[in-house]
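There are two complexes below, and they share chain A, which is joined by chain B in the first and by chain C in the second.
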Partner chain A sequence: MSDVKTLTSGVIALDAEAIKAFASLFDPQPYHLDQQAADNSIFGGLCASGWQVAALSSRLAGEALREAGMTYITTTHVDSMRWLRPSFVGDELMARISLGEQSPGGPVPDAHTQDLTVTVEDGAGHPVAEMQCQVAVAVEGS
Partner chain B sequence: MSDLYLRNRWFEDIPVGEFHVFGSHTFSELEMVEFARQFAPGPEFADPEAARSLRWGGLVASPWHLCAMWMRKMVDYMEVYAQGVNDGRRNGAGVAIHDLDWLEPVRPGHTLTYTYEIISKSDKVVRDRWGVVRSRNEAFNQYGNKVLTFEIDILAERGESA
Partner chain C sequence: MSDVKTLTSGVIALDAEAIKAFASLFDPQPYHLDQQAADNSIFGGLCASGWQVAALSSRLAGEALREAGMTYITTTHVDSMRWLRPSFVGDELMARISLGEQSPGGPVPDAHTQDLTVTVEDGAGHPVAEMQCQVAVAVEGS
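Right, the complex of A and B next:
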């Protein structure tokens, strides 16, 4: 486990209901709420709020770390996150995760800090977002 | 004067140093749990009972929830300023965020107040018509403690004189 350097997450498919539900609470702009308005927008189709993609990036990365035997707790810091293209209805989001340095301690009690690079793809091989971040991973037995 | 409307301004009209306190929100336990079930299903964020005996001694808001609410408050604020404007939307998409930190746990009943300051404008021209505006965004809890900070680059349409 300790020499694992890259991980691949599971898949979360974006559907119109989830995109609209998130947008109505957090990002009520026409291209996230209404198919017709979205078709005529600069994005050219109904697409997810960038913050929905960001939150899903952390979820996918966290699940992949847990699959690999590391007890992911939360994302604690983001050096940068770039939205590279819109995430449309039907995209099957998955993340490729590169593990960087691990350092003791951090802002979360009883946890180490793990550096990650997370690239989220749309299911057709296109990267939609890239995040450099730090996450908290539980110290064994805590 | 249409340039009073934040959403309706050209890139050139947005002044570096502009500062706004643009919204507040009180986070309920229910909405924290609902967000976490979708995006941060760990018990610290999604299970109020279990969270009591875990590392923060009670439920805390999942980090992206605080950012999602930033977006909602920003959209609402822009809409208020844009009232009566016949779709003069000149703000484009966010393209990147930088140096995002969650500094203190946010618990049920906590009220966050969000601020932004325009800190720089890039000379870069994106797809012939967009400029890039960078702002520093922060949220403070009801004790005045900073709990969230990040910078974001957002596209703004350049005027015809550009």
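Right, the complex of A and C next:
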């Protein structure tokens, strides 16, 4: 187990096709689906569904945990998810992960429960979303 | 504005291709990506990423609100998201939406803030996820 308390993830860039494809399935709003409608919306540009950002935040956090030697399995509970500003085409999303308490056991067999605070930033350093959650991390050697 | 306090959504069936496509982008775990690996996993079958279920819960809730005459705009804050059991290929997901307090204003212009509790069920009536959240609903006539 690592004694690192904060982690920084890799980067995932948002592209227009991925934003539109996600929105068509899960969040069919004009400002997620159509460039011109988005340009004329209150957001002023094509931006990602908050759920796409949420799912990416979990992926970025999971990858960062694995790189730090903790085998991320799944997110088991979200205590809070807030979206702070829109995420636009071209934004290079990355996550800063703060490791909270780790408790033995939880809903996943052979795993600890790890509390996390995940802050997603765009490439300009603006926070776009913040999630407080619990994830299952494999017990070493199991 | 409706005085209905609970709503029932339409149904979205999970299919294997959608589960794999979502997981490859957001949650690349063997039990979301590969039928054989999933059959041999603790879940015993190909199941959807929790984030896919979360995004679908928001879509189902938004559609149910619109059908009830409330113009859902977006989910602004999640207070709690819990996954209760896996959602498998063929599950016909639907949502039961309990309407909580409505407060004037919020982060979205010309919108009220509506508290919701959304319970997603599989086709057999088992709850698979529960979300407590706040959504923005357009002020009528705005």
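Here are some notes:
FYI, the second predicted complex is superposed on the first by the 141 of 142 C-alpha atoms of A that agree within 3 Å, B and C clash if a C-alpha of one lies under 4 Å from a C-alpha of the other, contacts with A are read in each partner's own complex, and residues count from 1 in each chain.
Simple rule for what comes next: a residue touches a chain if its C-beta (ideal position, glycine included) is under 8 Å from a C-beta of that chain, and two chains touch if they have at least 3 such contacts.
Computed from a predicted structure; not experimentally measured.
Using the contact criterion defined above for the overlaid structures, shared-chain residue A:49 touches chain B and also reaches chain C. Look at A:10: by the touch rule set out above, it reaches neither chain B nor chain C. Once chain A of one complex is fitted onto chain A of the other, the partner contacts of A:109 extend to both chain B and chain C. In the superposed model, A:100 makes contact with neither chain B nor chain C.
In the superposition on chain A, contact of A:76 is made with both chain B and chain C.
By the document's definition of touching, both partners, chain B and chain C, reach A:29. Chain A residues 22, 25-29, 42, 49-52, 54-56, 58-59, 62, 73-83, 109 lie at the interface with chain B in one structure and with chain C in the other. Of all residues in chain A, those touching chain B in their complex are 22, 25-29, 42-43, 49-52, 54-56, 58-59, 62, 72-83, 107-111, 142. Here chain B touches chain A in the complex through residues 35, 38-42, 44-45, 55-56, 62-65, 67-69, 71-72, 75, 92-103, 150, going by the rule given at the top. Every residue of chain C that touches chain A in the complex is listed here, in rising order: 18, 22, 25-29, 42, 49-52, 54-56, 58-59, 62, 73-83, 109.
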